[in-house]
Amino acid sequence: MKKVLIINTGGTFNKIYNPITGNLDIDTKGKALKSIETSWLRELEVINIIGKDSLEMTQEDRDEILKQINLSSYQHIIIVHGTDTMDQTASYLDLKKVNKKVVLTGTMIPFSINSIEATANLASAYGYIQEVHDNGVYIAMNGRFGRYQKIQKNKEKGLFELIEY
Amino acid sequence: MKKVLIINTGGTFNKIYNPITGNLDIDTKGKALKSIETSWLRELEVINIIGKDSLEMTQEDRDEILKQINLSSYQHIIIVHGTDTMDQTASYLDLKKVNKKVVLTGTMIPFSINSIEATANLASAYGYIQEVHDNGVYIAMNGRFGRYQKIQKNKEKGLFELIEY
Amino acid sequence: MKKVLIINTGGTFNKIYNPITGNLDIDTKGKALKSIETSWLRELEVINIIGKDSLEMTQEDRDEILKQINLSSYQHIIIVHGTDTMDQTASYLDLKKVNKKVVLTGTMIPFSINSIEATANLASAYGYIQEVHDNGVYIAMNGRFGRYQKIQKNKEKGLFELIEY
Amino acid sequence: MKKVLIINTGGTFNKIYNPITGNLDIDTKGKALKSIETSWLRELEVINIIGKDSLEMTQEDRDEILKQINLSSYQHIIIVHGTDTMDQTASYLDLKKVNKKVVLTGTMIPFSINSIEATANLASAYGYIQEVHDNGVYIAMNGRFGRYQKIQKNKEKGLFELIEY
């Protein structure tokens, strides 16, 4: 089995309802991943960074993700990321030629609202990364898996699809 | 991406509370998998057979599983199975030398009581089977993955562990 | 037992997550009350009107509520209402001297995100109204009950409190 | 507002799934009521006694309930009780002429499996007891309220009904 590091950057995965303001805020402490860990009976290694909606991610944030990937002694990295700019981060990491297996995942519906999609995406990425053969940047979303260029968000349908060429 | 058939045989995964009797009965219509399908935004191909607690599985039931595996045109098969005799079914399928990738999964807590473990186990099996290289019989449980001989139930702890030799 | 009409006007009670936009929209079909009805094993008589966040309620909306109260043949009316202007609607109905028992309720957290507070507020209003003796306008929120002037929202704490004079 | 004591005696309300044995055990620490307290934003005064399925309740257990009712300085008592012998306990307390308002409630489905019915029953009892006029023994279940003789379990339907004479 592979040692896996989860880099949790925020996004819809971590949104929680704020009853005082009525807004959905991003929890920066990784409570959603903690809940999965507890119920799944599987310890997860997580670092929580950035804590942003992916529409607000900057170049500095992407550099920080890259830095954390390179700092880690692990060869297998899952990145929990907002869905709107997941492709941009994936493309940037690919450009930087990370010499590891990197799988990005996220969710359309916050874990705190309906845990199923978020849990399934994270767990499927966790299973997928075990046996991925080549270094590179991948996406695991909505039961679709592949090189990041092939798994794209369909904004009308609200899900990620496999793009066949 | 691989076409995956899910053979749903019952077990704790499918247990639902019966308010008239106070018992946990096995739903034989696959409602738990339907819920995952709907929330995950991923169509699943499922056949529901047997519908038993795995302690009550007979040799005929295991023959039926084998028959369904061989009947399918798919090379990638996930079996949703009770945890108590998952090892026996795995061993039997291995003995019969199925020429496919077969991953068994299940759950300690019914999907209808707490959906996280069941969802994570199923989805992780779904991700894992995408890239498994060799034909054979595997188990994906509690974030552990491998040949069935290496992933065993720890009855005291109530989870599946990786056995290192 | 008393016949109770529930007038559902929207508010946080009915908010549901929209995965396409990432916003919380108000469901105007009363799905939250339908869920309570199904799980509570109690038929509820509901009319769904207005469908607004209570900050956006107009005088016309309050007139519509008053009209529905007067139109009904029932003497016991529960109003599901947003929390921000619940006091204004209550005060207006009081001014108009409704000759019925009217109990306003709502929730700080949407039923679809965490069902407990919404369910408890609605059900407690349902129990309370059974035995209220005098006509008038009441609030049932967070386990506090009384004439509307005595049950007020504490915006810092995010709950309704009993005001003692 | 009335001070209310909740005497939690066990029953389905408190059942939780035991993943090691696969059984539904009765939690004797009142975690279900704690969850309602937290989400409802309402402090509850609870004593946890007996901790049994109501089919296993003995005369000693009923004496203990009576003792706790009489010991309390409160005039308003809610008893969380299993549904199968709720009528027997109610009848016994009535026979003993408790000089208080006593409302029994419970649930057909454990709070830990689906929280809605349990929450609604408890909260409706909490609202109901606020305004009950006469001392005596009542039942609040499934949105039905009244003297205990009039609210009876229908074992075929799995709910409590109002019996009209």
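Just so it is clear, A, B, C and D label the chains in written order, and each chain counts residues from 1 on its own.
In this text, contacts are C-beta pairs under 8 Å (C-beta built on N, C-alpha and C of every residue); 3 or more make two chains touch, one makes a residue touch a chain.
Just so we're clear, the structure is a prediction, and the values are computed from it rather than from any experiment.
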Interchain contact steps from chain B to chain D (minimum; 1 if touching): 1
Degree value of the rotation bringing chain C onto chain D, based on Cα positions, nearest 5: 180
Distance from chain D to chain C - Cα centre to Cα centre, in angstrom: 26
Inter-centroid spacing, chain C versus chain A (mean Cα positions, whole Å): 39
Whole-Å gap separating chain A and chain D, where each centre is the average of the chain's CA atoms: 45
Set of chain C residues in contact with two or more other chains: 108-109, 114, 158
Every chain pair in contact, whichever chains are involved: A-B, A-C, B-D, C-D
Complex interface listing, chain C residues touching chain A: 12, 17, 19-20, 22, 24, 108-110, 112-114, 155-156, 158
List of chain B residues in touch with chain A within their complex: 1, 35-36, 39-42, 44, 108-109, 114-117, 119-133, 140, 142-146, 158-159, 162
